[in-house]
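So, here come the structures, one by one.
Each of the two complexes below includes subunit A, the first together with subunit B, the second together with subunit C.
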Partner chain A sequence: MGLELQGITKAVSGEPWLYGIDVTFERGLNVLAGPTLAGKTTLMRIAAGLERPDDGKLILDGEDLTGVSVRKRDVAFVYQEFINYPSISVTKNIASPLVRSGDFSEQQIKDRVAELAELLKLGPYLDRLPGELSGGQKQRVAIARALAKKSKLLILDEPLANLDYKLREELREELEAVFTQEDAIVLYSTTEPQEALAFSSHTVIMNEGRILQMGPAITAYRQPGNATVARVFSDPPMNLIPAKQAGSQLVLTGAAKGPRPQHFHEIEISDLLIGIFPHQVKLERQSIDDFEVVGRVALAELTGSETFLHVQTESGRLVAQLSGVHTRPLDEEVRVYLPSTALFAFDSSTENLLRSPEVSDFAHG
Partner chain B sequence: MSKTFSFRRFGMSFYFILLMLPIYWMVSMSVQPNEDILGSFQWFPSNFTLDNYRTIFTDSSWYSGYINSIQYTLMNTVFSLTVALPAAYAFSRYSFAGDNQLFFWLLTNRMAPPAVFLLPMFTLFQSFGILDTTLAVALAHMLFNVPLSVWILEGFISGIPRSIDETAAIDGYSFPRFFIRVLIPLIKSGIGVAAFFCFMFSWVELLFARTLTAAEAKPIAVTMTRTVGASGVDWGLLTAAGSLTLIPGVIVIWFVRKHIATGFALGRV
Partner chain C sequence: MTQAVKPRDNRAWYLVAPVMVSIVFTAVIPLMMVINYSVQDIFGQSRLFVGADWFNKTLEDPAFRGSFLRNLAFSIQVLIIQIPLGIVLGLGLPKKGWRSSMALVLMAMPLLIPFNVVGTIWLVFARGDIGLGGYFLNNIVGLDINYAQDSFDAWTTVLVMDTWHWTPLVALLVYAGLRAIPDAYYQAATIDGASKFAIFRYVQLPRLRGVLTIAVLLRFMDSFMIFTEPFVLTGGGPGDTTNFLSISLAQLAQAFNLGPAAAYSLVYFFFIQLSCFIFFTILKRF
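Let's turn to the complex of A and B:
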């Protein structure tokens, strides 16, 4: 049961956009996460029936839907842009899928619109045209219309991407409540790891037309299957530094060597890729085992409460996410410290995860 | 009031007067008897008369000219838009082999001198037996009104996101219903602008209108040439008829003036 995609491929003008996607989406919320051009939108459009896959099958609750016209499917779709019918009122917009289906009485339609208006706080705007609403309200109308029919499959393609931060948070919380009520397969895509983590539900991480990892969002964050997931599913991306194991020592390229971290024991491979989240990089030494990296300030981005310090080192650019304001002149020499307990180890040839830090170390991250 | 403002107002007024003078002159001539027109110069008509207009409205050979012109102009506008709307949608939404070439070729129809098409059309309509009907003129005018309408409407349709088409499909709209209920209301302005141009070009066109008609479907512009006779030109009647030909244009402009501005803003007019 659920929505099953089997070996879905898609190429656009000769360029492959999806490479044989195999995935099953169960009832409830499924988050598709990944950067732009990961193929999320293409996959969702194929799932909805707006596009045909070049190859592969689409099975919804045991019924093969590959090639069935979108008009004959029980599906709802919310776009990143706020798409409504501009020439009819909010009420008529929300009611339109119900009216079209012809299965509902006038009273049922009225009740359903009232219910959705209540749910999505659209009560005062029901008689307005979509053009007379703010961005957030427009998207609420689009979501209400998508929910109206109680479709088996509800697809939202980055629905909050065009909203400002505050509205996004507000609407995201409301959506979470709405999704738990719905007995539908919900597909929700986002480019932001934070959003996927906030939903804390089944997450599929995609990059460049492939699925990299599936499972709970927090697992993907704490135990990224490979270095690409670690880069894609963290913002700012995880820092990756080539390193070598020599006896009981770990030598980071361009950094002082130090004793091999406790959780790295049993790793036999000598060429490693060491990962560390930007928020774990410190300006002061916390412990004798910390790895010291010397570099020069390349950029200091202030966000108000935090500073993203970009440090150019011998092994590439490191980003440190520091709390508070740290103004640093460009090109100044700076020393940053990488706590050994917070390091991830990836195999440098396959980039697969070898070891991740103990979970308790995230608590005081 | 600043100096520049009053200067500007003066300049605009002067320009407006220059612009309106010929029209004033025509209207003023149309309410004078011929002797006054040919007599001494006068700014205002001294012997005001509506006789010229009376002749036009009572003599069927005159007013049928107006009816014919309005008939083929309206027919042409409706036909052109009916054909151009689906075509514009196809050009906007689908890519097919040679779509760009076809689009350009449509426009080049407008560039060819109409006389080129005249003879083939004449023989074609003759074999169909529709010569000297308003239908013949309406069809002939589609030759240049359809490409123009397609071009204008394509611009407007391309301004509507494709996601609206898809949303309508998802919501269960059949294609014709989507087209009529969703798309057409969204491109009202474009349809208004296209209709305006169809109407105007068809209304003022003389070559096709004259050649494809004889007696039954004679348009007003042809009827007006009757005022030139052996005894000279009937100036009063000619100007009265001329004044009346302005009216449909004024009415159409009044209705589409807002949409024309939108059309200009979208860069397709």
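Let's turn to the complex of A and C:
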């Protein structure tokens, strides 16, 4: 049961866009995460029936829907842009899918609109036109309209992307509650790992037209299947440094070396790709086993409470996510420390994950 | 008691000055001259202040009233025909590719033709003896078109000519407005199960409001000021059938009846301003 996609391929203006996607979305919330151009929107459009796959099948609760027109499907779609009917009131907007379907009595429509207005806090705005609402309210109306029909399949394509940070947080929390109430298959796409992690539900990570990893968001974050997942599903992306194992030593490219981390034992491959999250990179040595990397400041981005320090080293560019404000002159020499317990090990040829740090080491956020 | 004086810096006026000066020379002074003429009786060197006499005369003049009603009827017909036709054409234009470019260029051609050339083209085209259109209608369809003698034919010819000349403008505006609607709107409506008409009524038409407001205003103003086409075609005839306000105004001015002509133009000008204001206010509300 659920929505099953089997070997979906699609080319967009001659270029391959999706390479044989196989995935099953169960009832409840499914998050599609990945950077732009990953193919999330195309996959969702195919799932909705707005586009036909070049190849592959689409099965909803055992029924083959491949090639069935979107008009005949039971589906709702929320866009990144706030799409509402501009000339009719909020009430009529929410009611429109019910009115169009012709299967509901006036009283049922009225009740459903009232219920949704309550759920999405639109009560005071029911008589307004969409043009008279704020961005967040407009998107609430669009979401209410999508929920109105109680479709089997509810698709939201980066619904919060055009909202400011505060509204996004607020609406995301509400949506989580809404999704648990609805008995629908919900597909929700986002470019932000944080958002996927916050939903903490089934997550499908996509990149360049392929599915990289599926499962709970936190697993993808703690145990990324390969280096690409680690880069894509972390913001800022995970730092990756080529390294070699030599006896009991681990040698990072660029001369930093140190004793092989405990959790790396039993790795037999000598050419590795070492990964470390930016928030684990420190300016002070915490332990004798830390790897010291010398570099020069390439950029210091201040966000207010945090500083993203980009350091150019012989091992490539490293990003350190530091709490507090650190103003550093450009090109100044800087030493950063990589705690050995926080390192990920990837096979340098296949880029597959070999070892990940013990979970307790994630205590520091 | 001394009061704190708020420091004022008026230097910004220097920046506005060039525009003010040119407006004074191009609009204010000519308009003042017209107002000046409209309250005087001018005959050679002698001038006589007559107050509102010319205005009263103009407003009571049956010829003026006739022309005014003719103009009004013409503009209403222009709007009734050209706006829906322009919408239909705009909706029907190919959306992309070389077909779209070609259709746009072909359709915009009439817009590039000068007014008096349009008049001349139709002067020949609608003639029953040598004009392609007139000959076709008279000898093959079996009508009897003669714009020089039949008032209905003359009126219709001017109306068709104007429609041919200006509907492309409406269609282009509509086309541009339609292109500005994101695809997501159509998809959302399709998912809701909206019919083609519902999409037009609830998605396209509301999103075209802005361009249609401009189209209605432009078409009303231009058609209300029509001069060249009927002037070239029949000079206002046959009889007074196509004697629009601008044509009779030109006749007055050419006869050096400066006072009445000035009053006439002010009343004309005032009405155009007023109706544009009314149109704009009403259309903005929707």
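The rule we apply is simple: the second predicted complex is superposed on the first by the 363 of 365 C-alpha atoms of A that agree within 3 Å, B and C clash if a C-alpha of one lies under 4 Å from a C-alpha of the other, contacts with A are read in each partner's own complex, and residues count from 1 in each chain.
In this section, contacts are C-beta pairs under 8 Å (C-beta built on N, C-alpha and C of every residue); 3 or more make two chains touch, one makes a residue touch a chain.
From a predicted model like this one, the values you see are computed outputs, not experimental measurements.
Superposition of the two complexes onto subunit A shows a clash between subunit B and subunit C. Contact with both subunit B and subunit C is seen for A:Tyr79 once the two complexes are overlaid on the shared chain. Contacts of A:Thr253 after superposition: neither subunit B nor subunit C is touched.
In the superposed pair of complexes, A:Pro97 makes contact with subunit B and with subunit C alike. In the superposition on chain A, contact is made by A:Arg71 with both subunit B and subunit C. Contact with neither subunit B nor subunit C is seen for A:Thr9 once the two complexes are overlaid on the shared chain. Touch criterion not met for A:Ser315: it reaches neither subunit B nor subunit C.
In the superposed model, A:Ser89 makes contact with neither subunit B nor subunit C. Where the contact sets of subunit A with subunit B and with subunit C meet, they give residues 48, 50, 70-71, 75-77, 79, 81, 83, 85-87, 96-97, 100-101, 145. By the touch rule above, subunit B contacts subunit A in their complex via residues 161, 163-164, 166-174, 182, 185-186. Residue ranges of subunit A in contact with subunit C, taken from their complex: 48, 50, 70-71, 75-77, 79, 81, 83, 85-88, 96-97, 100-101, 142, 145. The touching residues of subunit C, when paired with subunit A in their complex, are 182, 184-185, 187-194, 198, 202-203, 205-207. Per the touch definition, subunit A reaches subunit B in the complex via residues 48, 50, 69-71, 73, 75-77, 79, 81, 83, 85-87, 96-97, 100-101, 145, 149.
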